[in-house]
Amino acid sequence: MNMVEAINNALHNEMKSDDKVLIIGEDVGKDGGVFRVTDGLIQEFGEDRVIDSPLAESGIVGFAIGLALYGFKPIAEIQFMGFLWPCLDQLSSHASRIRNRTWGRYTVPLVVRAPYGGGVRALEHHAESFESILAHIPGLKVVIPSNPYDAKGLLISSIRDPDPVVFLEPKRIYRGFKEEVPEEAYIEEIGKAKVLVEGDDLTLVGWGSMIPKILKARELMLEKGIKAEVIDIRSISPYDYHTVHKSVEKTGRIVVVQEAPRTLGFASEIISRINDNEMLNLKAPAFRVTGFDVPFPYYKMEEWAMPDLDRIIKASRQVLKW
Amino acid sequence: MFQIIDSNGKLVGLDPNLDEKLLKEMYWWMVYARMADDKALKLQRQGRIGTFPPTTGQEATQVGSGLATDKEDWIFPAFRELGTYLLRGIPLEKMFLYFMGDVRGNIIPENVRNLPMYVPVSTQIPQAVGAAYGMKLSNKKNAVVCFFGDGATSKGDFSEGLNFAGIFNTPNVFICQNNQWAISVPRKKQTASKTIAQKAIAYGFPGILVDGNDVLAMYLATKEALERAKSGDGPTLIEAYTYRLRMHTTADDPTRYRTDEELKEWEQRDPITRFRIYLESLGIWSKEWQKELETKAEDMIKKAIEKAENIEELKPEDLFSYMYLEMNPSLTEQLDYLKKMLATKEIEENSEKIEGGFP
Amino acid sequence: MFQIIDSNGKLVGLDPNLDEKLLKEMYWWMVYARMADDKALKLQRQGRIGTFPPTTGQEATQVGSGLATDKEDWIFPAFRELGTYLLRGIPLEKMFLYFMGDVRGNIIPENVRNLPMYVPVSTQIPQAVGAAYGMKLSNKKNAVVCFFGDGATSKGDFSEGLNFAGIFNTPNVFICQNNQWAISVPRKKQTASKTIAQKAIAYGFPGILVDGNDVLAMYLATKEALERAKSGDGPTLIEAYTYRLRMHTTADDPTRYRTDEELKEWEQRDPITRFRIYLESLGIWSKEWQKELETKAEDMIKKAIEKAENIEELKPEDLFSYMYLEMNPSLTEQLDYLKKMLATKEIEENSEKIEGGFP
Amino acid sequence: MNMVEAINNALHNEMKSDDKVLIIGEDVGKDGGVFRVTDGLIQEFGEDRVIDSPLAESGIVGFAIGLALYGFKPIAEIQFMGFLWPCLDQLSSHASRIRNRTWGRYTVPLVVRAPYGGGVRALEHHAESFESILAHIPGLKVVIPSNPYDAKGLLISSIRDPDPVVFLEPKRIYRGFKEEVPEEAYIEEIGKAKVLVEGDDLTLVGWGSMIPKILKARELMLEKGIKAEVIDIRSISPYDYHTVHKSVEKTGRIVVVQEAPRTLGFASEIISRINDNEMLNLKAPAFRVTGFDVPFPYYKMEEWAMPDLDRIIKASRQVLKW
């Protein structure tokens, strides 16, 4: 399955096994979602559970929070991350706080899904990556898969999670590649980073659509005898710094690759944590390969805006030089 | 404007023939809410509770609508619904706790289907619609009542929420406590719409203008809207025309923006006085009964304060334990740090006096 | 529904007695817009431009309203107003550039008071109201026309914006191109309000339902609303009842959600055909003239493509130079890094094929 | 003047000298603002220029953007930062982008003012500090004064700035202390940090209401012979890393004090930049004294939630121990 199919399959699994699960969003029903992620679900589960909503993102998330409070497990789709801004009030003022505000008397088992990221020659507002903003909001979980297998396992975990999860889907690789994905349900634990390949020379970390690039960079470097360890963060909130720090302890060198604008992207937090706990183990300053502090550009300039193999490899060389 | 008794307590609408028990209950909750509000104001002035938004003048709106609900109906409040809050079964000490800056004020009893107060204006509205959708999907014959102010009708979430309700034909009753002011902004500067009730037209369901200082009108209008909702006929918007007799919050100075004349005029329409006169005309109200109610209320209020003021101390854990079902490693580290800091504290800051209130 | 000519091009309303020059202009802009749209679709299929939202079927709404404006009026568009865009004086190549992913498509000529396209639905609405307030404060006798779709009426910004307009009595004309669909969501699932026009009641100003496929009706209704606005009588909401004859965007497949019958029915109401018949009945339209217009349009379209395809290359600076009036040190560093990376580039990625469109 | 007076005075100055300047917000007119920051302005400049708005934050900022596009210089007041969430769409999708989107054809000379921060025994949602979220949005400027003098000078700069500025006012110290503030207009440059006190032993940096605490901590440490250099960041976007790095070059030790939640607060960016450029000059890992990853608590717990003298001094000791 590719990632779209894996996510669709996860939704299908969970809707089938738990009739409290339902989906709401723009065009998620008849149209099957603009990326076809919810394709076929309305036919199987009906329009009461696969709800084509009016065009109102704050309303969608607010409505979904209400459903969650009432005992359902809503999955809200926001068509593009660029249209998630109007939901931040509902997410930060309520979804993320209601358990804490009521000491567990009320809870919000909500999933908000949104495709995110650039590199698909999209119109403005269709290529944003502001995941770090979500990770700054206490009480949310923020999960980002980088492959079909994880996408399914992490989404199922997110749906079953008793707390609100924002699930960001790197649309650049929605149909980028296929993998074996079991038909039956399985879970991948939220809050655990994954060492994708081991290595001793340096640590490469990233998430989402940066992972395939990082893996390719690793391959190219391997040809020169450099063994990079590759870590997929998978969840930026909670953030599994143990796994990253263990790797840095070993390699002493780290490059963090992030598509989002540079200032205060999640890489900043990764590096701050390394400073807190692992500075003495660093043999070179940590290096950030990031997007720039500009809105994601119109597509003629998009290749300039995104980290690429070349930049990842040059950054790796730089930290290895020390 | 739908009205049963006028400002002088005279029956001007159809006699609803409600039974005495219910009428007495209405009166009791209004008196209790008013007295609790009075007391809260005193406590605030003594520094025993923090900033809070008095409810005086709006008791009929809150009590009339609240008593029309069933236990199984849900309520999504704003922050100025003390009457409803109490009559639904939330102990008064919770309210005191809340305004003492104690988060435990929000632990609503398990059997009470109220959400705690919503501070960010209007944000409760789409949530109330989602909950109602869930109710409908669960084939429950219940409804969700959602409160908000006149100011709230300007927010996007009001419009998005009501639009969802119209589309999904949810069992919602929206009650706008139009108390004529949103802090210093008068109703006519809040929207050019002639009434708030007519805003429902934009969402395809009925809106009704009700005298919010008439507890009977509020009771009947809400009852009818709830019946509509429960029988699958969809949402209703009720504009409860009322008035905030006190300040917006204890940090507010209403003399900056409204006139004494206006205030006096509305004091004449006091919802409790008018209902008392009506009950007296029915032979239900007496001075002795009034005394009885007041004594009972005083006693309850005193006990609530005692409970709130004597609650056990909060622990550092309480800052972190309810963030997620399970605490994550970062939070555990932060909690450890906090505990260590408190255990080894060397410098006590004498918190400088904080000037300048907030609304 | 306000209508001057019906689907068959027959005069059914009061004869507006517009002069021939204006009628010819109306027809020209509709033809030009339609042909540009046709061509854009071809270019998109050839990979020469990216995803774009076709406008075919909605030309009368756009041209009728657009021609009612003065040069000094401002326009806040959504993204499906090609007709208005062109007639206001924005060269077609800008539109092509925009959909080629070239930000220079947004550099509107200095003397044209249009904002560039707004992608996040409804966000232009409160801005249009602010600009109109500014106009009024400046004692200009002008107005602001703001376009949006039926889907847009569900967003909070629609409601907040219109409410401001009502309160401040701003010189705004709101034109809702109700083309019956918001991607796959039909109008009746967008709101339970019977019409969109009636939503104006919630904001205290008039709303009017107009046949959006009737260029004369659109022209007259907009003209009147603009006059109201300019003479200080405040905003108007115009619901232009029309239809999107093509896909939502080139990434959309409308057969998934709408029927052939519906499409056929609306094709019969094509705004251009009907106006042609009307002009023919007045002796204005002829085959030769049509030919003339088409030749002119073809020529202009060809030149626009040439211009757009031959624009100079963008430079790395262009990514950074317009963030602020002056570039700050962080951006300068980032630009230097980018330049260095490009200058020393070793690995060219052959961008993998990107599958899966977007709307 | 105290800070409220200084801000009021700046508004007065600018409204008087430029009739394109106007104010819009909830209760800013007759009421003079809930903190009285706009007191007296409606009387002097009339209700056309001091606009009491309906209760709608996205509308307020959208409306102000429209005014700015039309050539005015609007100052939008958001009553509390906790109610700024609904404005993020207008701010990030438009205010911050319109110059870039149109290559300067249209611009947005807008100021959004909001009181922020805790420590005033406020209700929930009245004590937020999410300034780092704003600093992650390319195209905005984010200015935070820590004293009356700067408040006036920076606000005047913000009003005159041709680009959108979010001006955050630390309400904890609105009336905390008074300073000499000239009656006439003057400016403080945006994007320049300020060394408040020099010192060689370590660098203490912060912004907003943390500054008075830091200064007090410095005093206490001075009694023990420790000379800290104190830097007030003043503008987190653009961020003047030169000034901070110059100090770190000298001291080799730094403590960053931030009220906001820890993860991805602005301290993370400060530390990442030090990692980028100054790691070799560090004699000890940089230390963050921050809020916790929880919503700002109800006021019984607020003292626990905020950095205090004790924590600042302990952190300083820790970095000095190395």
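Note that the chains are named A, B, C and D in the order they appear, and that numbering of residues resets to 1 at the start of each chain.
Methods note: a contact is a pair of C-beta atoms (placed from the backbone, for glycine too) under 8 Å apart; a residue touches a chain by one contact, two chains touch by 3 or more.
The structure presented is a predicted model; accordingly, all values stated were derived computationally and were not measured.
Between the contact lists of chain A and chain B, the overlap consists of C, D. Summarising the inter-chain layout, the chain whose CA centre lies farthest from the centre of chain D is C. Once the centre of each chain is set as its mean CA position, chain C and chain D turn out to be 39 Å apart.
Each chain gets a centre from the mean of its Cα atoms; for chain B and chain D, those two points are 35 Å apart. Here the spacing of chain A and chain D, counted between their Cα centres, is 30 Å. Along chain D, residues 53-54, 56, 58-59, 82, 85-86, 89, 93, 100-101, 124-125, 138-139, 239, 263, 292-294 each make contact with two or more other chains.
Shown for chain B are the residues in touch with two or more other chains, namely 103, 120, 154-157, 160, 163, 167, 189-191, 323, 330. Taken pairwise by the contact criterion, the protein chains are fully connected, each one touching every other.
Chain C contributes residues 50-51, 98, 100-103, 105, 119-121, 151-152, 154-156, 182-185, 189-191, 251-252, 256-257, 314, 316, 318-320, 323, 330-331, 334, 338, 341-342, 344-347, 349, 351-352, 354-356, 358-359 to its touches with chain A in the complex. Across the complex, chain D is touched by residues 74, 76, 103-104, 106-108, 110, 115-116, 120, 123, 125-135, 137-138, 156-157, 160-161, 163-164, 167-168, 322-325, 328-330 of chain C.
Every residue of chain A that touches chain C in the complex is listed here, in rising order: 4, 26-27, 29-32, 34-36, 52-59, 79-80, 82-83, 85-86, 119-126, 171-172, 174-176, 220, 262-263, 292-294, 297-305, 308-311, 313-314. Across the interface of their complex, chain C is touched by residues 154-160, 163, 166-167, 169, 189-194, 198-199, 201-205 of chain B. Looking at the complex, you find that chain D touches chain A at residues 58, 82, 85-86, 88-89, 92-93, 96-97, 100-101, 124-125, 130, 132-133, 135-139, 237, 239, 260-261, 263-269, 271-272, 274-276, 279-280, 282, 285-286, 288, 292-295.
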